[in-house]
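Heads up, the next two complexes both have chain A, just with different partners, chain B and then chain C.
Right, the complex of A and B next:
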């Protein structure tokens, strides 16, 4: 009896001495990954400090859950912030700037493009946990069958179009590419022309460069080089490639897992986004998620320790080795895992390099604090032209009018 | 005596208390907060700023809100009318004394038992460009010549039989069941023979590829994706309303029908002169429930407008407009504007129901 009481007290003492840091992020596939990281890397490392990190995933709509929690003051110590809504989260004043917790040197170890994405008004509000960019995937068997050369990194829009058009013509039932009315894909081409979503005054102007990219992209189907994804019964370009309905796709590293399930035997290659023939440049997005700190956190110092451990080189190495995500630290670019041969390594390498100078004009996937309101305007213009409901000039004029209203004239 | 009444009132209040508490906390408090927020500029984070009625003024200048308002009103009108008619029809059919009618009642009630989310996912698949709906229409179009031949033969054979029977002085109705069965078999055999000898052939290469969801096309003034939701909503709500009508039908005294048939009223007269007027209080309930439900339609819109689905501006309704402004994707929440829209929606619901009661079907019977 005595022993039990002593044991209970000892346990209680341990619990009291222990600081629990709550982490929140997406549910689903993320749960085993983060729990693995916490159990194998973070918690063993921080056990001596009496810190225990616990993952509280949000199943369902994460963005709404975290915005609510931030507003109500019940947010966890550390949480994911997706770049897409980062600016409205940072502007809320409920996310702690991290500059005072990290040295300059510590921050400079991360890819500068990603750090830039999580910097708001000169302060760093999040440490990127991983990222993705776009790359061009192609089905080697279909190109071989059509006797067409594979796409490569020297391809411009024109030479790329000639190749996929040849594939579509020779194979008949396979599209060269499937066009989606989505700025998250089309934007890579628009950025290549030198166009930027906002000018120096923060306004959106659809200039001649934008129009050039818009005309080329929306005209692909009409010119016989591609088909609308909708007509192929797919919602994304990866679905078209995986179902062998199209010979190419424009996706990030996430397509790897999908293709492993859907078409494990497909021989596919990966190269960079085609170049704008005029500017001789390409464009790209960074899709990324950060770990950020809640201003109302009661154990900020413990939370920062967890934050450092979960974005440490060991942690990123652990994730990379398992093929789960691309690391956000520049030093890992030379990791032997990237240099392996094979279709998945090539995909990961190309997507990783897409964020560097090789990727050309790379912008984070965020649109000031406008978010979906901004995207909708371009997406609807793309959709209207691709489905033949409007012509290019009319669609762009309508879109410009809506941008003038949204971002100011 | 007075004490007794007091005790009775106290008891009643005590029994009502749990529900009143619930109402006060979750509805009363919510309404008060919403009214307050609708008069402020609030983004969930910074303290609310008092702006008076500016949100309401701004609301009616927002093209998206006007569109949502138009969609909601049109949606309500179409769905309420169609679902009321169809549920009355179904209830009348299912009120017959036929063997195994309980089986049909159960089957017809199924759409209302299934969750709205599950149904929407099934409909999303149904509405795909290469989905079942387009496939079914393509099938019908392909076999149209055969179907028309079949119907034509049936009518001809039936007419010949009826004329023949009457020429023998027998009282044959145009839709005599026994004759119709024979006509059906003969028409089927005839169509099969015509197809076999190549006289009538199915059409070739007919592919109906209508875009139901990802489009901005309009039909009769409403976007096509909204029509898709109209169809789906009617399908899911008819059964519940049908059940209410069924209960109402059981309450109509049989003696009325007996008296009517003695007076020589036929089925149609009995339906329009007895069933419909006697069901008036039920119809009032059905229409009111329908108006409230359709004005506040949300889940089906939210699910059908998801990624890869219909464009938001073609499907947005008032309830979804409210939601989308509190949680805009990737942008700062506009809680003040959303609250103003929510209040507008509830006032609109009240007004529509009152107008309906005043000028449409009221709860007073015959």
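Right, the complex of A and C next:
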């Protein structure tokens, strides 16, 4: 009798006890999105298991906050890992490999490019939450007015340059493109040539392919096809497009929300990044964030359930329907939402397909464990040439010398 | 007169007079300059917060939101749209009339513009996540009718000015989407916040004017676009300020987040001020006047406490809050003080520097007053509350303003304690920070500027009311050397 009572109590305790799984990520508009997901999809689904997921956003410097929390042992069960600093987080040993929690089949449902990005030393450390790539947006009105054909996916650097040059010449008050000294944009062209940020020994070598892309990109303004973004009073190519200061922009799906506010009536189209005329290939980045599991988590099995629910097809459908982010599951490529007509659907479709074979050489936006130190070198070289402080050879020689110091000669 | 006066002065006196005036000129000139230096950026950002595009360059001081013609139009349209001249809106049965004028160059036959009521959603922030009723689903717009044609010259080109008129009506009702069982019985005709409109004209026809100036001209002038045709006066002129309140709402309760943040901050500042006034004055009095063995050591300890940088105690304070003061708060059913205003109130509830200010002040009060009270039979607490505290009003005023200002602007601890909690428990500075994260990424700075200005208002009022004490507080804090 006593045993039965104890058992009953234990059962009641199990039913009543609620496991709280803490999730952490960016603040700002991630707060309503993740909370919406939790309230509408994840928590109703897991209520029967007595699991409740709670989102604890970090307003401010998320990277710093999460790295601190990981080393202090106060990290939440699940958290965002940005691809940019993923490697240093995975190397710390504070992020749990997920291979034992997921079947191979479950993992293969996600876009291979993204899974690759979160694989470190053969193990999967994160499930991609969503992603972005770069695509070329163009203002149809400006091309119509200049009587120039729209850019399309067969364009090479040369044919693309001819088109935007014609627009800039005919309209006078509009630039063809606005050039930013940022590897996050220029890199797409460099990857198209076959150049890779690190060679097999992990060193950065600015070879002839890199130089070809560098010369073309930094020379756009001089050849009258573009203007530096700074001269147009903008900091990014999307700002130039939105203000009708430039006819094209090279951005990801994030430009959609910006244009909805800034220029809701703009007739814009989206196509892929132009091809390298020599290699006939294009390049691209994947910008992505994963959900990862903390090794010190006290309720890993509950956390994995939440992780599966928040990256489930239903959850990604929910996010996609609201136009908030692109899904990381390959099956959603055939989603009717992508096939809709209209400029936003075209933008999302092109950015999504940018991560597949159509995108060409697609590399994750990460630079080993060097991060910003590595980027600064190229960005400063770009800036020096665009503003005319150095010529191409000098800038590349200086950059190579700095890379030799950073990555070893 | 001055000329006549100066002729009568001796040369030496004239020189002195000139010097005197030069001095006055210098002093007032530099004061004005300093004033301008402080007010200038203030004024510019206030102006920018009213604009559709706060980053607009070159900066204009003349823009639609400051034109009285638009004010009266917005007022009128607000009445027509929802019988609300201040905030406007769009309610069932309303109808508005609207006029636009286009310039048509000679030799071109005027074509009436195309009107559309778009389904428009904000690009960022919560508006982008939450679906609200769209005016597009409920409204009908009439074809623009030509009402006037007259010769006109635009930038040296002659042609004609064609004026059109159209109506938009809230004429449709929709089946109520929820609850489903009542769908057939009920129709939905909600009050809609805004009625956006786009007016597209063929290339070559140039938009000249409208009943209400559009928020932006797009597609190289071909489309005139309004965010709201029925804004009301505040909704038009102070659009960003209204958006601050209406656009971000709690997901659970639907209450305006900005309002919650303001109330939270008021509550926090109020409690913090009360606690500080009470405890700092009691502690200050005890240290200044009461007989306490080892008083000097306590005082030394306090001085020492002032010298420890906040960064040193930060982590231990955080851990104490995290566990709810060693589990003490579990008695009240709360397991942690993180994520709630109570945690924020507890951290640094009584500032050591405030105790110091009060102690210094009490020492300046003549001892004879207390002795007189003692002779009359007053106890220590009566003396303190009836004699000393009323005498300390100036110091208390200074303490109030210093504490209130500190609490109102408290950012660091708010970030540490509240940012893990629900969004509607944020304080104002933290809320504004989250605005920056949410809206800054799409360049929507107007809303952030407006929010910051609103958050300054209570402090400005406080300074205006208590400025005498504030000046005195500076002289007190000067005492501590």
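Heads up, the rule we're going with is that the second predicted complex is superposed on the first by the 393 of 409 C-alpha atoms of A that agree within 3 Å, B and C clash if a C-alpha of one lies under 4 Å from a C-alpha of the other, contacts with A are read in each partner's own complex, and residues count from 1 in each chain.
Keep in mind that, in the parts below, contacts are C-beta pairs under 8 Å (C-beta built on N, C-alpha and C of every residue); 3 or more make two chains touch, one makes a residue touch a chain.
Every value quoted in this text rests on a predicted model; they were computed, and no experiment measured them.
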{"item": "When chain B and chain C are modelled together on chain A, clash or fit", "value": "clash"}
{"item": "Partner chain(s) touched by A:109 [first = chain B, second = chain C, both, neither]", "value": "neither"}
{"item": "Contacts of A:373 with chain B and chain C, given as first, second, both or neither", "value": "first"}
{"item": "First, second, both or neither for A:205, with chain B first and chain C second", "value": "neither"}
{"item": "Touching partner for A:233 - first (chain B), second (chain C), both, neither", "value": "both"}
{"item": "Partner chain in contact with A:337 - chain B first, chain C second, else both or neither", "value": "neither"}
{"item": "Candidates 132-140, 258-266 or 294-302 of chain C: the single one with C-alpha clashes against chain B", "value": "294-302"}
{"item": "Touching both chain C and chain B, counted on chain A across the two superposed complexes", "value": "233"}
{"item": "Chain B-touching residues of chain A, taken from the complex the two chains share", "value": "61, 63-64, 67-68, 70-71, 84-85, 88, 91-94, 230-231, 233, 235-236, 366-367, 369-373, 375-376, 379-380, 383-384, 387, 389"}
{"item": "Interfacial residue positions of chain B with respect to chain A in the complex", "value": "43-46, 128-130, 209, 211, 214-217, 307-308, 311-313, 327-333"}
{"item": "For the chain C and chain A complex, residues of the former touching the latter", "value": "57, 118, 120-126, 128-130, 198, 200, 203, 216, 218-220, 222-223, 225, 251, 322, 415, 419-420, 423, 430, 433-434, 436-444"}
{"item": "Residues of chain A touching chain C in the complex", "value": "26-29, 31-33, 35-36, 39, 56-60, 74, 141-142, 145, 233, 239, 242, 244, 254, 256-267, 322-324"}
